[in-house]
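Just so it is clear, A, B and C label the chains in written order, and each chain counts residues from 1 on its own.
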Amino acid sequence: MSGPVARPILRVSDLEVRYGGVPAVRGFGFEVYPGEVLGLIGPNGAGKTTTLFAIMGILEPSGGEIEFEGSVINRLPPERIARLGIAMVPEGRRIFSEFTVEENVRLGLMGRADAGGEADDLDWVYSMFPIIDEFRSRTAGQLSGGQQQQLAIARALVSRPRLLLLDEPTLGLAPVIVDTLFEALGQVRGRGVSMVLVEQRAQLAVQFADRTIVMRDGELVTSLEPSDASDADRLANAYFGS
Amino acid sequence: MTLVRRHWTLIGPALFVVVFALGGRLTSGSIQLQVRSILVTACIVVALHVFIGVSGVVSFGHISFVAIGAFAAGIATAPAELKPTAFPDMFPFLANLEIGNIASLVLAAAIGGLYAFLVGIPIVRLSGLAAGIATFAVLIITNNVFRNWEAIGPGAKTLPQIPETSDFLQVTVGLLAVMAIAYLYQTSRYGRMLRATREDPAAARSSGVHIHRQRLAAFTLSGLLAGFAGGLLVHLVGSITTNQVYLDLTFITLAMLVIGGIGSLWGAVIGAVFIATLNTVLFEAENQFDLGPLSVDLPAGSRLVGLAVVMILVLLFRPQGITDGKELRWPFTRDGADRSKEVEAGVGMGRD
Amino acid sequence: MILVQNLIDAIALGALFALVAMGLGLMFGVMRLVNFAYGELITVGAYTLLLTSGQPEWVRVVAALLVVVVFGLLMDVTFRPLRLASPTTMLIATFSVSFLLQNVAVLVFGTRGEAIGFLPVLNQAVDIGGLRIRWVTLVSILIGALLLGATSLLLTRTTIGLQIRAAAADFRMARILGVKANTVITTAFVGAALLAGVVSLMLSIQRPLATPTFGFLVIIPALVGIVVGGMDRLVPATLGGFAVGVATGLLGNLLPSAQRVFLNTALFLVVIIVLLIKPDGLFVRGRQTVERL
């Protein structure tokens, strides 16, 4: 990053989230700067999804603070957070398989803070994902895995979020499709959308993101640079610990 | 003393019951009947607890077992000379049957258990919503059949002249027996296995617990106890109608269980006694009673409304009930550590 | 001839049950709530008509619908805290509210029924091609079809309809996208209440006495309908309601009275069987894993 340090678009500090009485995330914190892609990797059960859910308002933190563009958003419901400018693509895509592709995308419009300009947003998204445009009237369930993933991202983007949370977007996708997906994500990055990218494929994440943080057992363990992507030892260490 | 302490979960509530019964014995005639009725109701609620409290699955149908036990005991003990004329369509062997008091209670329990077993075989496969609806279906069906199949039941008429043998001794001993059986079950291996399935079904299953089998065991046992309670019930007032063992009783006993706190034997007992007492007070109030200088006369129907309001408030604001699903604690603990062998009840109603 | 007449009557009953099933389905869809107390909305409608006897008929209609919607909103508020509760708690809670309202009715109006006297003229029959059909039967079928069609259009062509369907399919995801939970749930409850209101109007014409169990008696078979049809989805649930209504109507008329009393038994045996074999319902294809937030 060059130039003066900008204010972070997202700041998570000292986050604690509990399931029953047990903390799944504790003392966790990080920052995302405008236009930045932050990778978030770690073994299963580390608390990555929990963290994203906490940011999105699905889970309420028992401690710590989540700030978006300077305001604390801990206690807000998901639909409010969506309107503030955060969108999420959850694990497993969660598209509405019984609805048409178009209906799925239109649902994304619910997260817009203002009315008007809907047509522009739709055009923008359809131009970024031409496949989605082509299959507009198809039932979403008929799409392939990779297409569904594109649909999920398109749906998240149509509300013009400034921060995009992605939970394991490449889960279950073939490598060729993964490439296409990351191309699309690159385009998204090019539009200035900040991202938090949770990924199983650690190497991909570290390579693509501007910075990647590693989470284990609910806590932050270390931070990685794209140059570390080719260092298998460093990656393994970070993942499993020494 | 250690024995008492170890089994305080049973002994504590049992002492409470005995004291309550003795106290009731000292009151006047009509109130005595109410107290005995409260004790019988407590039997039903404890029977409910054996299934709902331990398995965590709701059943709207258990009053069917109370009903079948009550009718079995009632028909079997109603005078044989009266039945054929009063109920011309009844099966002859039923009409001519006349057995003793204890025998009728055993019969009631046996039939309750058998019916529960048969019904339970398909039902225990269901959870949550489906179980609730299916057991509700059982309630409707049982009532429908008893009300209309004149060969086995009195139909819409009252079955009268049943010997009123449920005196204080019978009712108290009966309740204590039901509580003891419930306690033995919930502390047994089977009871604890079933409780495990409630708290973490996946873990329980992987440690070899056959959920359906354990549920069926609990369902059958609770049906047996409910049938027994039905027997006590019918010998309490000497008559029975299908309406007395249908929706109102289902609601009231369920309310008692919930308000007392699902998952604990003590909760079942205290919920039953508390609500039944409230029920009695409101019942008297509907018929006007004098409280010193005050004269209380509530309009008919306020009793059930009052109970329903209490139930809803509890569900909204303290869904875990009076006891929070926990058993009665040994009152004398030194250094803060409670070494009594309590069955740690679950946390009220969890997700199914 | 008799058969055709019975069939038409049964279809009218089916139409009404379909509306009830749709109302139940709407509430189930957005909240996973099986609302035992829904029948009481129908009872409220009947009693409102009773209380407005003597007023012009249109006033009575508006009053009934209004009061039912108000009660529907009250239910919305009361059941909201239960949204994340276990199915067990929900069942007990709605059962309690149903019980409460029925007994309030007993308290206020007594157990004996009172004559409503609403549009009795519609009970007269008209001769159509040799068949004697009551006006109310025709009106029921017509209004039933209209409302079913209107609700359908609302759900598929409007934004709020899309939001409701999305919430019913995947509540958590809908919220993430920005669908307002409150708006969706309240709209569904108001819609369901309106349906209940209309049903109470239609029933009040044919069942002259308002009793505390007026609506409860309808909800029982309707519950059968949505369980059999498929609770999770609106179309199957409505179809289930229609099927049960038609079956009840036909069997009610065709069975000799000795067997007729066991109708409930037969219906609920079917419920148990369906729950065991195809717990998602007869008219539903495939399973749906649904998440609630």
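What we mean here is this: a residue touches a chain if its C-beta (ideal position, glycine included) is under 8 Å from a C-beta of that chain, and two chains touch if they have at least 3 such contacts.
Just so it is clear, the structure is predicted and the values come from calculations on it, not from any experiment.
Leaving out subunit C but moving nothing else, do the remaining chains stay as one piece, and if not, how do they split?
A | B
If you average the Cα atoms per chain, which one ends up farthest from subunit C?
Checked the centroid distances; the maximum from subunit C is A.
Can you tell me which chain is nearest the middle of the complex, judged by mean CA position?
Given all protein C-alpha atoms shown, the central chain works out to be C.
Any idea how many Å lie between the Cα centroids of subunit B and subunit C?
Roughly 32 Å separates the two chain centres.
Between subunit A and subunit C, what is the gap in Å from one C-alpha centre to the other?
That gives a centre separation of 42 Å.
Let me have the rounded angstrom distance from the C-alpha centre of subunit A over to the C-alpha centre of subunit B, please.
Here subunit A and subunit B have centroids separated by 53 Å.
Within their complex, state which residues of subunit C touch subunit A.
159, 162-163, 165-166, 169-170, 172-181, 293
Which residues, counting only subunit A, touch subunit C once they are in their complex?
56, 58, 77-79, 82-83, 87-88, 90, 94, 96, 98-99, 103, 106-108, 110-112, 155-156, 159
Which residues of subunit C touch subunit B in the complex?
Those residues of subunit C that touch subunit B are 34, 78, 81-82, 85-89, 91-93, 95-97, 99-100, 103-104, 106-107, 220, 223, 227, 231, 261-262, 264-265, 268-269, 271-272, 275-276, 279.
Applying the document's contact rule, which stretches of subunit B touch subunit C when the two form their complex?
Checking each residue of subunit B against subunit C gives 56-58, 60, 122-123, 125-126, 128-130, 132-134, 137-138, 140-141, 144-145, 147-148, 247, 251, 254-255, 258, 299-302, 304-305, 308-309, 311-312, 315-316, 319, 349-352.
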